[in-house]
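Listed below are the structures to be examined.
In the two assemblies presented below, chain A is common to both, partnered first by chain B and then by chain C.
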Partner chain A sequence: MATQILAPLPGVFYRRPTPAEPPFKEEGDAVAVGDTIGLVEAMKSFFPVEAETAGRLVAYRIEDGQTVDADDVIADIA
Partner chain B sequence: MIEIVKAGLETSIQDYPGRIGYWNQGFPPSGPMDSWSFRMANILVGNAPGAAGLECQFLGPTLGFQQDTVVAITGADMRPTLDGIALPLWQSVAVRAGQVLALGAARLGARAYIAIAGGIANPERLGSRSTFHKAGVGGIDGHAVKAGQVLPVFDGTGTAGLVVPEALRPEIRTDRRWEIEVCAGPNDDWIDAAGQERFLSSDWKLSAKSDRTGFRLEGPEWTFAEKAINKPKEHGSLPSNIIDHGYPLGAINLAGQTPIILVNDGPSMGGFINPYTVPSAAFWKLGQAKPGEIFRFRQVSVEEAQDMARAIKARCVAGNLVTL
Partner chain C sequence: MAIRKLFIANRGEIAVRINRAARSLGIATVQAASEADRDMLACRLADEVSVVGPAKASESYLNIPAMMAAITESGADAVHPGYGFLSENPAFVQAVEAASITFVGPGADTIARMGDKATARAEAIAAGVPVVPGSPGRVDGAAEALRLAPEIGYPVMVKASAGGGGRGIRVARDAADLEKQLPLAMAEAGAAFGDNGLYLERYIERARHIEVQVLGDGERTVHLFERECSLQRKRQKVWEEGPSSALAEETRQRLCASAVALAERVGYRGAGTLEYLYDDQTGEFFFIEMNTRIQVEHPVTEAITGIDLVAAQLRIAGGETLWLTQADVIRKGHAIEVRINAEDPARHFMPSPGTITRYEPPATGRFDTFVYEGYKVVPFYDSLLGKLIVHAETRQGALAALEQALGSLSVEGIKTTAPLHRTLLKAPDVVAGNVNTSWLERWMQAAKPA
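Up next, the complex of A and B:
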């Protein structure tokens, strides 16, 4: 079943743990419940964005470094 | 008494105007960033405008009430619910012992305020109940609230069903753009004419590396006046360096090329220039702005800034409330 991963809070979305490291996930990767698929930065802190369902990460809907609002769709899982 | 079930993100006890009179010893005023919304929440529940309440940032807390009381929530829209039923903002609401108030992520704005009839009764430190977490002062234990803590509350006499008329509420922007008032100085003469014009005519983006200490801005390069470039060595090596001096609250502090607005928990001194200062009457806009949003600065006189502060104060009085 297709599900969406939503931004947990407003901030700036990042696909990688640090600029020097590879992204948490690539489109097409398998995801398990609790996998981190990105980070949202707010108030000098980073908050993990985690998958709540298992499946395949079909597409990121937010680019690396883009601003998000709470509940914006970050990725599609199928 | 009110139990913290979930703390949210750096939810803290604040009062208004905060810890006044200790700036010379390095203590900032702290207090709510959007003191307009904060004062409105207090008068809705029958408190003095400055009584201690909660500031919720980006992600709100969940509170369990152990007593009947009256509460009001103002500022950012964190979709508050009472036992799962949606609650209105800008309105006083009766809460019964055993009920649970839950706030989520901020949809509109960034900071919500919860006032409770009577006000939070944590001990005063240096004349204020406000939390200043860097020094571990104020609040319950010097820091943001934590799950499992219990907040003591003074006896209150709140009335449910009072509303702040829409015209008296701060207008939280939905288009991600804010016009923020600034006063020139104290060090505007260290910036050249082109740099001053550029500051006032450029978009400045609020960085996610911003909190109650400082609001970091991203924008064009600064250019400097002769006195910033040719100066005695003791001022330091960068054009924005100056021999250590006191900072005003709201200073736009220029660290090299990065402007940082020093806000409620900010430092009282240091070695960078402050070309402009955001007056306290415009702080509510900073408190409601989110990372990635755009600031444009508009220069006002000190007299205009004081008039703005007086206008907000005149709105935040019980006589302006209406009944539902």
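Up next, the complex of A and C:
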């Protein structure tokens, strides 16, 4: 079943834990419930974006470093 | 030469504050804004607005080339950096100076010197200002550590000399304890940083954060007494007041005199703050660092001295020699400031950006803010919405004034830290002034529902 991962709060979305590290996930990767697929930075704090269903991360809808609003679709899971 | 047109390279409540101070002196203003900040209050107050870049601070408020382009294009003859962002960035100050524009603050060399902890510590020692006792340098081996520790004074903190971020820190209460801890500390330092060198420093368990406000003109400095900012969460101040109820008058005089000595030694120009740790148990104070800019909590000092610090910054930057002698600075009453942040105290201080659907400023006290009804608080910067400042004859009177003012402040649509302050001001330790820098976190931990 296709599901979407939404931004938990508004801020800036990052695909990597730090700029020097590899992305949490690549498109096509398998994801398990609770896997971190990115971070949202809001008011100088970072919050994990987690998968709520298991499956395959089909596509990121938000680019690394792009701003998001709460409930924006960040990624599609199939 | 007096400033005619001021560029404000900051945002939020401090940008509002600077606009107002400039206006009071008849100075025109140009307000910097990111693309996300066009609606903020400072943009409505300023004579002109200059959009410096996208929402992300690294592309706007922290972007030196973009900021410099906006400054030169604006025709401003001076730049006020506020606090945070580029306010203590020597490269930015150098760029402003190189463009023959006045920087409201000390010179790039002073900022670089006092911004580096090691050189600031050396300047303090040279000025006769006490610093936290520590080993003269790196300590290699247990024998040297055990020899130095009694001179430093127990309890000592053992830190990895290559460390940072709190890793590799241990506390030893006495020689036997230190002997036991040393091999572990060295092993941890080696594992974490690939270097088992250590550094010893006195561990001050019940430290208060006390800071001294100064104003200097490059030659002469006066102090404007102290502020106590011991109530902190994650090293962020949440409540500030002045005077500190912990200081005996004789200690206050020595503390403030030490701040003047250090500021004069470095030829300080502008408003600055010297931060100290105060040990409640021994009555000693130790210099930790200097902030070479206006501080968030400056209104506490304004309330007890009646001196407008931001206007003073602008006058000094405009070339005035200091118009105050130490005897002119008179302290009156007690002031408390609390920070109202867009955070939810009931949910681990989760950020709470969003639209303010209803806003009622406090009916009493001073509220420095940049919000208004209908304003959308953006998530890209810090969470400070405003600062509530009250002043009364006594500390007890100030606490009562704080309760009254908080009672009439209303912000709806987003969560704020106002409820935290309503609870805090009733806490017996706060009422008694019996606090230190770790008190707030311990209190919140204890208050947590099981």
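The working rule: the second predicted complex is superposed on the first by the 78 of 78 C-alpha atoms of A that agree within 3 Å, B and C clash if a C-alpha of one lies under 4 Å from a C-alpha of the other, contacts with A are read in each partner's own complex, and residues count from 1 in each chain.
We take it that contacts are C-beta pairs under 8 Å (C-beta built on N, C-alpha and C of every residue); 3 or more make two chains touch, one makes a residue touch a chain.
Bear in mind the structure is a predicted one, so any value in this text is a computation, not a measurement.
Asker: Would chain B and chain C fit next to each other on chain A once aligned, or clash?
Answerer: Clash.
Asker: Chain B or chain C: which reaches more residues on chain A?
Answerer: B
Asker: Of the partners chain B and chain C, which touch A:Asp76 in the superposed model: first, second, both, neither?
Answerer: Once the two structures are laid over each other on A, A:Asp76 reaches no partner at all.
Asker: Tell me the contact category for A:Ala42 with respect to chain B and chain C: first, second, both or neither.
Answerer: both
Asker: So, does A:Pro10 touch the first partner chain B, the second partner chain C, both, or neither?
Answerer: After superposition on chain A, A:Pro10 lies in contact with both partners, chain B and chain C.
Asker: Is A:Glu50 in contact with chain B, with chain C, with both, or with neither (first, second, both, neither)?
Answerer: In the superposition, A:Glu50 touches no partner, neither chain B nor chain C.
Asker: For chain B, sort through 63-71, 81-89, 117-125 or 153-161 and name the stretch that clashes with chain C after the overlay.
Answerer: 117-125
Asker: Quick check on the output: what are the common chain A residues between the chain B footprint and the chain C footprint?
Answerer: Residues 9-12, 41-45, 67 of chain A touch both chain B and chain C.
Asker: So in the complex, the part of chain B that touches chain A is made up of which residues?
Answerer: It is residues 9-10, 57-59, 104-107, 110, 208-211, 290-293 of chain B that touch chain A.
Asker: Once bound in the complex, which stretches of chain C touch chain A?
Answerer: Residues of chain C touching chain A: 36, 55-56, 342-343, 350-351, 353-354, 378-383.
Asker: Hey, which residues of chain A end up touching chain C in the complex?
Answerer: Against chain C, chain A makes touches at 9-12, 41-45, 65, 67.
Asker: Flag every residue of chain A that touches chain B in the complex, lowest number first.
Answerer: 7-12, 41-45, 67, 69-71
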